[in-house]
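Here subunit A shows up in two complexes: once beside subunit B, once beside subunit C.
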Partner chain A sequence: MIKIVKRDQPSRAIFFLTPILAIFLTLVAGGLIFYILGFKPFEALKFFFIVPIADKYGFSELLLKATPLCLIAIGLSFCFKSNNWNIGAEGQLTFGAIVSGGVALLFYEQEGFYILPIVILAGAIGGMLYASIPAILKTYFNTNEILVSLMLVYVSKLILDYLVVGPWSNPEGFNFPETRQFSDSARLPLLFEGLRIHAGIFLALASVVISWFVFYKTYLGFQMKVSGFSLKTAKYAGYKGKKMIILVFLISGACAGLAGVGEITGPIGQLHREVSPDYGFTAIIVAFLGRLHPVGIIFASLVVAITYLGAETAQIFMQIPKYTGQVFQGMILFFLLASDYLLFFKFKFIGSKK
Partner chain B sequence: MIIDINFIGLIIASIMASAVPLILASCGELITERSGVLNLGVEGMMIIGAISGFALMTVTGSLIIAVFGAMLAGVLISTIFAFLTQTLITNHVATGLALTIFGIGISAMIGKNFVGIPGKEFPVLFESLKDTIPLLGPILFGHSIVFYFAFALPFITSYFLKKTKIGLIVRAVGDSPESASNQGINVRLVRYACILYGGSMSGLAGAYLSMIYTPQWIENMTGGRGWIALALVVFSTWNPIKILIGAMIFGGLTIIQFHMQAIGVRIPVQFLTALPYIVTIVVLVVISRDSRKIRLSTPSSLGKSFHKDN
Partner chain C sequence: MHKFFIRSFVSSLVLLFTFTVAAIAKDVKAAFVYIGPTGDHGWTYQHDVGRKAVEAAGFKTTYVEGVPESADAERVLRQLANSGHDVIFTTSFGYMNPTNKVAKEFPNVKFEHATGYKREHPNVSTYAARFYEGRTILGTIAGTMTKSNVIGYVASFPIPEVIRGINSFTLAAQKVNPNIKTKIVWAFTWYDPGKEAEAAKALIDQGADVIAQHTDSTAIVQIAEKAGVYAFGQASDMDKFAPKAVLTSVENNWGPYYVDRVKAVANGTWNQKDTWHGIGDGMVVISDLDSQMPADLRSKVKKLQADLASGKVHSFTGPIYDQKGNLMVAEGKTADDGMLAGMMTYVKGVEGDIPK
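Up next is the complex of A and B:
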């Protein structure tokens, strides 16, 4: 007989092992779905997870997709650690892209080393401004940040749509919904000839280092941790809750805004309707899969980035619908949450020994 | 300019029609939340209902199978949520988000083969009475059965919560699971039931969209209505009758936006489309400012896991 027993203390080893279990279970369930859809499961999984990253170009694409995911997830981990449910990173990314894109357009056909830093800064500020809305409404008007941050995603995409169709559209662009190409000085430099991976990856890596330092070496990190465990304790300890809430939202918005800058000044080079294939939502999964730990998030962003590439490859080679990527992302989170059960409970086998 | 009085009736009827999916999903979610469970997966369950209803209608040709099939699909997908949050005690917010991402993905995957297929005509009731009464005729008559059900649902829900024993149990579980459990109520069972019921209503809301409101399958066709439904529950301060008012306001915004475009108001279309989302935020701010009122009306255990140690 098997009995379920509560653990005295959550297991730390299992805390970092369950993400791997979750990925494994996702692969099994994914194979099953492919089988039901009438594809050969192993072949489909191969096209989904191995073929896309088998060469140099594929690996560069993997890093290209993992960069925004990592950056946003790092920002979100500040919010999630302290019990703030910012789920509107997609909107903060979009608004960051709008502000930095606007600045980049101001420097149209100009050259200068100072342009790129200004554009990057503008993106971070844009993201922060947009994240400050749910933060201020939460702290001063008691408004649910989940719903506000989410509604703002729709609004940001409509603002972007308005701008690229209307006032910012390329005057020589035959009415295509896109702006002019940014000047070279407003573009992030490419790292290798012929590959799309760009200097934005250093922004992501910097965010990893900084967040690790803040989480584990500063008083703010400690406050966040306490507030995450228990808001009552945080209040009792006299932490200035409101300030912290606004701060974590600003950090998270800045990261999402930077991810937006990375996209438009990296691979895209202009503003158009689709600056992000839902990186802001997918990064939520990355943050959880990485256990809100900076190093964990690096690995998680690489794993989840594969689902983007795999979906494209599987569509081209096997006509598997590209939304399978999203299905995989949802499943990873389901299995991860489910396997958390093992953190708090263990199975005890009774009966074999008496 | 003479405005035909029946034209006003038609506009009101169209506002009501666009309120239907919001009412259905909100009333379902309200029951779920009253039992103490916050299910953020409404958007995902709704879109699953939309594709299931449309696919079943196309494949089987039966509207009845399609409508009930969509509700069943909502129940099935919400079972995942129920199992995770109630049996495996996972975080409600994260699980609900996963449900939405998963639902949107699955629906697009299934829906790939149904893009561009025309829908079927859904039968309407009392069509012949439409012209008998000016103004009220188009408002009251000539709608689908789902439409009438949606407008009865807030009253049924209110009666259920206030006057029936099961309704009382649901409220007790949401307000104090510990005491309910001590009274011998199976908290987990009640919450399971409420989650599945919420799923069925979201499924029905989705089916209304793809089978009656815009009878075709379009990817992502719920377009945030699931999230607006969640906001409506807060707006209503967990009172089903107020959901009716809220849903009419949002339905009105959607319809007015169409008419403003039609008569050529010189506001960019994107701003009009953004209006419902912006108004949702403004309304949430106004409602939530009174933190005491919110605290009194929110089910006390909302979003908190309950685990009974054996």
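Up next is the complex of A and C:
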């Protein structure tokens, strides 16, 4: 007989093992879905997870896709660790892209080494400004940051629509909804000839190192952790809660804004209506799959990035509907949350009594 | 004599070889990149109907659906170009820059971009449909069928394609009924059943008894069906979704063009082109006319359709005035393609301002 028993303490080993278990279960369930749909499961999984990164170009695309996810998820982990539910990273990304894109357009057809740093900085500031809205409303007016940050996503997309359709649209572009192309000085440099991976990856790596340092080596990191476990304890300890809320939102917004900069000054090179395929939302999955740990987030962003690439390859070569990629992302999160049950409970095998 | 035999043998070999090459060249593969799911109606569905026509003509095809216009488009295009496709159709405006970028890297692959204007390399063609001709038909029907003289129009984004449609529709409606007003609601989406339904309700509340749409979902015709007003199908024949409300639909018919272009690749006769086809070339198709329409209207519409096809009637024939009363097209003149391509002002009779 099997009995379910509550653990005295959440198991630390299982804490880091469950993401791997979740990925494994996703593969099994995914294979099963392919089988039911009438595809060969192993061949389908091969086209999903191996073929897309089998060459240099594919690997570069994987890193290109993982870069914004990693950057945003790192920023979100500051919020989530400290019990602040910022789910509006997509809006902060969009607003960061708007501000940095606007600055890049100011330097249209100008060259100079100073342009790119200004453009990048503008994106970070844009993201911070946008993240400060839910933060300030939460600290001073006690609003729910989930609602405010989410609603602001749609506002940011409407602002972007307005700008690319109206005042910022390309004067030579027959009124189509897009801006001019940025000058080369406003573009992130490519790392290798013929590949799309760009210098934005260094921003993501820097964010990983900095977040690790803050989380585990600073007083702020400790405060965040305590607030995450228990807000009351944090209050008793006399931490300045309001300051911290604003700070983590600003960090999160800056990261999302930088991800937006990476997209528009990297592979896209202009502003148009669709700068991000919902990276800000997918990064929430990445943050949790990576257990809000900087190193975990690196791996998680690679895993989730490959579901995008795999879905394309599987459709091109096997005619598997591309939306299975989203099914995979959903399954990973679902299995992760489900296996978190094991954190707090364990199975006990008891010999049956006669 | 001996020499002659060798020569003829060699030349027949060469001939055989050329035939084999031609046969291999016939074996072209076409790829299609879609912005949405293939579904059962709407923009992407119609492109997929076109793709199936290419298959029926004996060619192999591949498609990728739901490709965002973000940085992802470029990767999908490169992968298709890299995996043995000879011609790639990119079926949304936002693929314009990625299409031209990838075309540069693959000079032997042909690229066909829908609704764009950039042809930066000799292997890029563009194509679009003169949907405004279909809207001339819809305007004629709406102007005749309305009793309240208020016609609703759910628009997507303030770009020339949409403004042109509103104008063409309004001009045709005014021609049969000078008292009509066209009320516009901007939904700022191509596909969002919720928003589109809200827009349609708002227009019906304002007294509109005929609703036209430049968005993709069936929500509007279904709302019209419930409210007992008339509507028109967009992109696909939407009659089955709202049999009472839908008077007719303007269908996007890409099949003939796609088959034509893929055959041209196979025959080696493909060349760079900018195609803008209308009713005459069969790219814009008017669905069956509903029997609720009076017989004389139906025959009038049929005649108008034939005249638009032959070029006898042009949707934008002067005199055309803008909202402020300034002359846009002089009497007896027609708007040229340049003016149509960049059209960003409403004609007289349209209510409200273009969102800026």
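Here is the rule we use: the second predicted complex is superposed on the first by the 351 of 354 C-alpha atoms of A that agree within 3 Å, B and C clash if a C-alpha of one lies under 4 Å from a C-alpha of the other, contacts with A are read in each partner's own complex, and residues count from 1 in each chain.
Note that a residue touches a chain if its C-beta (ideal position, glycine included) is under 8 Å from a C-beta of that chain, and two chains touch if they have at least 3 such contacts.
None of the values given here were measured: they were computed from a predicted structure.
**Student:** With everything superposed onto subunit A, say whether subunit B and subunit C fit together or clash.
**Tutor:** clash
**Student:** Touch test for A:M151: subunit B only (first), subunit C only (second), both, or neither?
**Tutor:** first
**Student:** Using the touch definition from the top, say if A:I118 reaches subunit B (first), subunit C (second), both or neither.
**Tutor:** neither
**Student:** Output check: A:I87 vs subunit B and subunit C. Expected answer is one of first, second, both, neither. What do you get?
**Tutor:** first
**Student:** Applying the document's definition of touch, where does A:V226 land relative to subunit B and subunit C: first, second, both, or neither?
**Tutor:** neither
**Student:** Check whether A:M331 is in contact with subunit B, with subunit C, with both or with neither, and answer first, second, both or neither.
**Tutor:** It touches subunit B, and subunit C stays clear.
**Student:** For A:F174, select first, second, both or neither according to whether it touches subunit B, subunit C, the two together, or no partner.
**Tutor:** Only subunit C is touched by A:F174; subunit B is not.
**Student:** Once chain A of both complexes is superposed, is A:I210 in touch with subunit B (first), subunit C (second), both, or neither?
**Tutor:** neither
**Student:** In the superposed arrangement, does A:P321 touch subunit B (first), subunit C (second), both or neither?
**Tutor:** both
**Student:** Kindly classify A:Y308 by the partners it touches after superposition: subunit B alone (first), subunit C alone (second), both, or neither?
**Tutor:** A:Y308: touches subunit C, not subunit B.
**Student:** After superposing the two complexes, find the one stretch in subunit B that runs into subunit C, choosing from 115-123, 187-195, 241-249 or 295-303.
**Tutor:** Superposition on chain A puts subunit C right on top of 115-123.
**Student:** Of the residues on subunit A, which ones does subunit B touch that subunit C also touches?
**Tutor:** 158, 161-162, 165-166, 321, 323
**Student:** In their shared complex, at which residues does subunit A touch subunit B?
**Tutor:** For subunit A paired with subunit B, touching residues are 6, 37, 85, 87, 137, 141-144, 146-148, 150-152, 154-155, 158-159, 161-162, 165-166, 281-282, 284-285, 288, 321, 323-331, 333-334, 337-338, 340-341, 344.
**Student:** Considering only the defined contacts, which subunit A positions touch subunit C in the complex?
**Tutor:** Of all residues in subunit A, those touching subunit C are 57, 61, 64, 158, 161-162, 165-167, 174-178, 181, 196, 263, 266-270, 272-277, 308-309, 312-313, 315-317, 319, 321-323.
**Student:** So in the complex, which bits of subunit B are touching subunit A?
**Tutor:** Within the complex, subunit B touches subunit A at residues 40, 80, 84, 88-91, 93-95, 97-99, 101-106, 108-109, 112, 224, 227, 230-231, 234, 268, 270-271, 273-274, 277-278, 280-281, 284-285, 288-289, 291, 294, 309.
**Student:** Which stretch or stretches of subunit C touch subunit A in the complex?
**Tutor:** Subunit C reaches subunit A through residues 31, 37, 62-72, 74-76, 78-80, 83, 93-94, 97, 116-117, 157-160, 188, 341-342, 344, 355-356.
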